[in-house]
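Each structure below is given as structure tokens.
You will see chain A twice below: alongside chain B first, and alongside chain C after that.
Our next item is the complex of A and B:
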């Protein structure tokens, strides 16, 4: 009997070593990339894909580990992006050129009523909302805090009511659409469809992070690695295991004494915070925020990346997002391939959902398991009885 | 002896139909109580009421003197009620060991569980349960791949790991082979004394194996209560069972 326990521990240990190996390799490649590639244009592109990788982690956390399919993750990404962009907009030279010593977004001036005071307090009805964003750190903090607050309120209400499965997907989808409409509608404050453009650069301790500088790449890459490790730690804790149990059978978890909703709310909210952080980094690298961040197609794309990479694996979903976007960028240089690529991704998604629910990460795991078994097969030890 | 579970006038009214109707009984600490009754008598519903799955419309449930009537399920569980379902209910995507680990955490909330390792006490408890339930060889197996019997034992093992003081078992041997049933009786007998147990069971051979006191339910009501011999001789019980072929 002890033989069986011992031999069943071997593939486990092999898996764990393979796991940490992949994490280490990933971090090394992501942080080492600028040494291999000095094209800042490409580095900036990759930085954006790393941001998508962070979104993959957020999706894996809520969908893979908590079993909550959030089809509105773009809401939190968008909130993070807008909060950051508001601060960076006020730091932009376009907000200062208007003969005023206090910054006012250019689009507000263009649309101002004749004779209106050109000050954030009262240039239009909603402009006062911008006042605290004159401090860059306020915008950066809100990029994470606002998604956390919204996600907490939203998830507390839906999970306390024991809403689950497809209903959560519908509610989150509806919500992201609603907020997108609100943002477009609040044109005087948000610049509507056009979003926030001509932004200033993130400035820390006097250092300006030009998006086309390797330092900016390191900010994004370092953040991604931190988030990956943090998420990995979270799912490895007791709480992470209990969360997975609530995904498998919420009733059983309740009868073991767990407040299931509390676990769902916590991880849903963390996932939203990660998405908000991703939104912040995206704005730093891409220099704009737009209502298109809250398009349904974008939120659904995130789910596709995670599904293909493997939603039950943080690093799988992260790699899925990065690889799909990198390949897409490479092939979509030609118009024909661009269309074909959408088809291919659609097809891969369907195949993965039908035949490979654990995605590419699951495939890799099966492969290491199979290799381990082959090695054990060569072992002269007799097979333990079942 | 201390009273573990006291049920007083418990009633649930499903729009005019009373699935459990003014049910009263007292279960002592360490007792093993079997609940018998024909199909649809309200046995499962009674367990639903005790464990908080269904809200009662009348009556009270006290657990070691604390009122637990209609509290949320996880609170009742934290007070010490463990429940095994008629359909085996384990975490199918987790390994057997992970299932037991989830059951072992003494902390109900999120933040106290934000740590990587189990406390030694919990680990020891898991080891004892593994021994009792013979799950050692399958610890690394995904629970969804277990045999029917192993799944039932895992669920039982989780209740013990959870340190439930009062254990509610709904047909723990349903669908089991004779050998599996025997093993289950062994586990339940091992729990006697340290746990208070309520078992719903149809298999009379199994009931004879484990029973001390029996409560018979019929149409939501308590029909008779007492030791096996007395129940078998009770004319009202014979009457109630006539429709469904008697006690086998």
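Our next item is the complex of A and C:
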């Protein structure tokens, strides 16, 4: 990407300015949106799309920077969502229907065997797993820790065995389907197909975050900006650069003495942690968790958003996810457009892959490159190396 | 005991049916065709429409669906896949778009529903194909109850596998296809028209998907989303069997189908599928290139 020849100093600087400009603009718009829009329903919707944007970042990190296509990112999103939802479920008023002060999820009561003790310890065989989730912070912490653990174990075995390319995609895909089935099958503990609904609100220091409230939007938007900057910093560190070299030529990186698998495991795990965090925020904004988060359609959709936005660009992938979903929500207001939109989106995916493999971000980079050349005027310079 | 084996066999045959087309397009050509499920769906709709409008039964629908899905595959190859050979992940994404497109075309009756025209047998609703009566009556042979339609599927699948094997290993075109599998550049240098052969191969794999669709329509509801559910299973079978190995695909379909059948009886359908996914993951970790494979590309 970068050019070492002296003649390209100007476009490089221009690129860097444009880059930071876009980040600053993005953060300003995302954080400033509530001032322009006071419709809380739309703010809540957009908060959800910002969460998808965070998923875009997770995908760009693992796919664009590490070269690992994870078709099972929904697994980590889903785990994060379920962990959060379990805690919020116990805080919901629907879990205190028995008049006791010990919360028990309502679906467990409905399905309880007659005479079973209505306590989390023993209402059914798996219900004890819920006990620690009575503390909200346990659920929130697990929403990130569990994806990290699962991703670490998974990626360690994958990359130590030097499984690569499309096989990683297939393993992650099979795994997300596997876990989805397990969650559906563990109906007494997870409420199966129906997922966890009627959740309580996230409460921090006595303040309840109603999803339809500006404060909740700020929690999501602030988290997104934080994750974006963090990811951006991470890929510019030495480790991030080595990671990119392992993507471009793993064999060479290995011969240069780098432990390729270690870098891949680290970034795969970070990406999973981001997805888990996104799952947590999604539950806070959308008030449910369901096995549909682990549908294969959802995981592939994330990848497609990232592809449209630009798989090699963190902010591109993030914007791709936000834009596609916002447009979809806007056109879905009318029934005819809704159906036609799906047709259009299918077409867009095909065209982007065929003609714009670097996505919107690639387009933007070409544009700044072209502007840089124009500013240099008559001075003919070699085309910026890609 | 024979019941369990039969259930497993029947599951295996369906897996094989879907995987057979994929073992050609993915195995031989390195294209992850996510629209394969939609080609299956097109086959199923061909059967439904042929029954409704042309009064043709299952046996006529089979070749017809082979042709329609094959043609659809040919068009997809020309417009999309031809530009993406060698970019395996991109084929996955682009054909995912194609899959959405095809689903939506059927749901919108090829856009006619915008004009207020409705075609019976298309649209977002559920459709059914009627199976000829003599294939639906179970009968007994030596104390074992035989499900004729399931047996019919097994027979057709095995026949198609044999046909595919014959095409690949006993005809001049098959030799060309296998040459392209191993090394497209050298194949081209030897005078093989790589583009033409690739297009034909893809169309053949797509045609097999169409046949699978007709057979699936006999015991599953036909709807625009039906393809998405089956395509993943097909991929897992092909990958476990070994890319480019017809024998591997056959064996892995048999093994995975039996595992699914046995665990479905021991536990339930959901856990049985989970076990199959678990086995698939373990097998890929153990042998990423599949049970039977050769070095290529």
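The rule is simple: the second predicted complex is superposed on the first by the 371 of 386 C-alpha atoms of A that agree within 3 Å, B and C clash if a C-alpha of one lies under 4 Å from a C-alpha of the other, contacts with A are read in each partner's own complex, and residues count from 1 in each chain.
Here is the rule we go by: a contact is a pair of C-beta atoms (placed from the backbone, for glycine too) under 8 Å apart; a residue touches a chain by one contact, two chains touch by 3 or more.
In this text the structure is predicted, and so the values were computed from the model without any measurement.
Asker: Regarding the shared-chain residue A:300, is it in contact with chain B (first), chain C (second), both, or neither?
Answerer: A:300: touches chain C, not chain B.
Asker: Which holds for A:245: it touches chain B only (first), chain C only (second), both, or neither?
Answerer: After superposing on A, A:245 lies in contact with chain B but is clear of chain C.
Asker: Kindly classify A:149 by the partners it touches after superposition: chain B alone (first), chain C alone (second), both, or neither?
Answerer: A:149: touches no partner chain.
Asker: Considering only touches as defined above, state whether A:131 meets chain B (first), chain C (second), both or neither.
Answerer: The answer is neither, since A:131 touches no partner chain.
Asker: Taking the superposition as given, does A:175 touch the first partner, chain B, the second, chain C, both, or neither?
Answerer: Only chain C; A:175 stays clear of chain B.
Asker: Is A:257 contacted by the first partner chain B, the second partner chain C, both or neither?
Answerer: In the superposed model, A:257 contacts chain B only, not chain C.
Asker: Taking the touch rule as given, give the residues of chain B at its contact with chain A in the complex, in rising order.
Answerer: For this pair, the touching residues of chain B are 51, 53, 72-74, 77-78, 82-83, 85, 89-94, 98-99, 101-103, 105, 107-111, 113-116, 118, 136-137, 139-141, 158, 162.
Asker: Which of the residues in chain A end up touching chain B in this complex?
Answerer: Against chain B, the touching part of chain A is residues 1, 4-5, 8-9, 12, 233-234, 236-239, 241-242, 244-245, 247-249, 251-260, 262-263, 266, 386.
Asker: Give every residue of chain C touching chain A within the complex, in rising order.
Answerer: Touch residues, chain C against chain A: 32, 34, 80, 83-84, 88-90, 92-94, 96-101, 103-105, 107-108, 114, 228, 232, 235-236, 239, 268, 270-271, 273-274, 277-278, 280-281, 284-285, 288.
Asker: List the residues on chain A that touch chain C in their complex, please.
Answerer: Spelled out, the residues of chain A in touch with chain C are 69, 157-158, 161, 163-167, 169-171, 173-175, 177-178, 181-182, 184-185, 296-297, 300, 303-304, 307, 336, 339-340, 342-343, 345-350, 353-354, 357.
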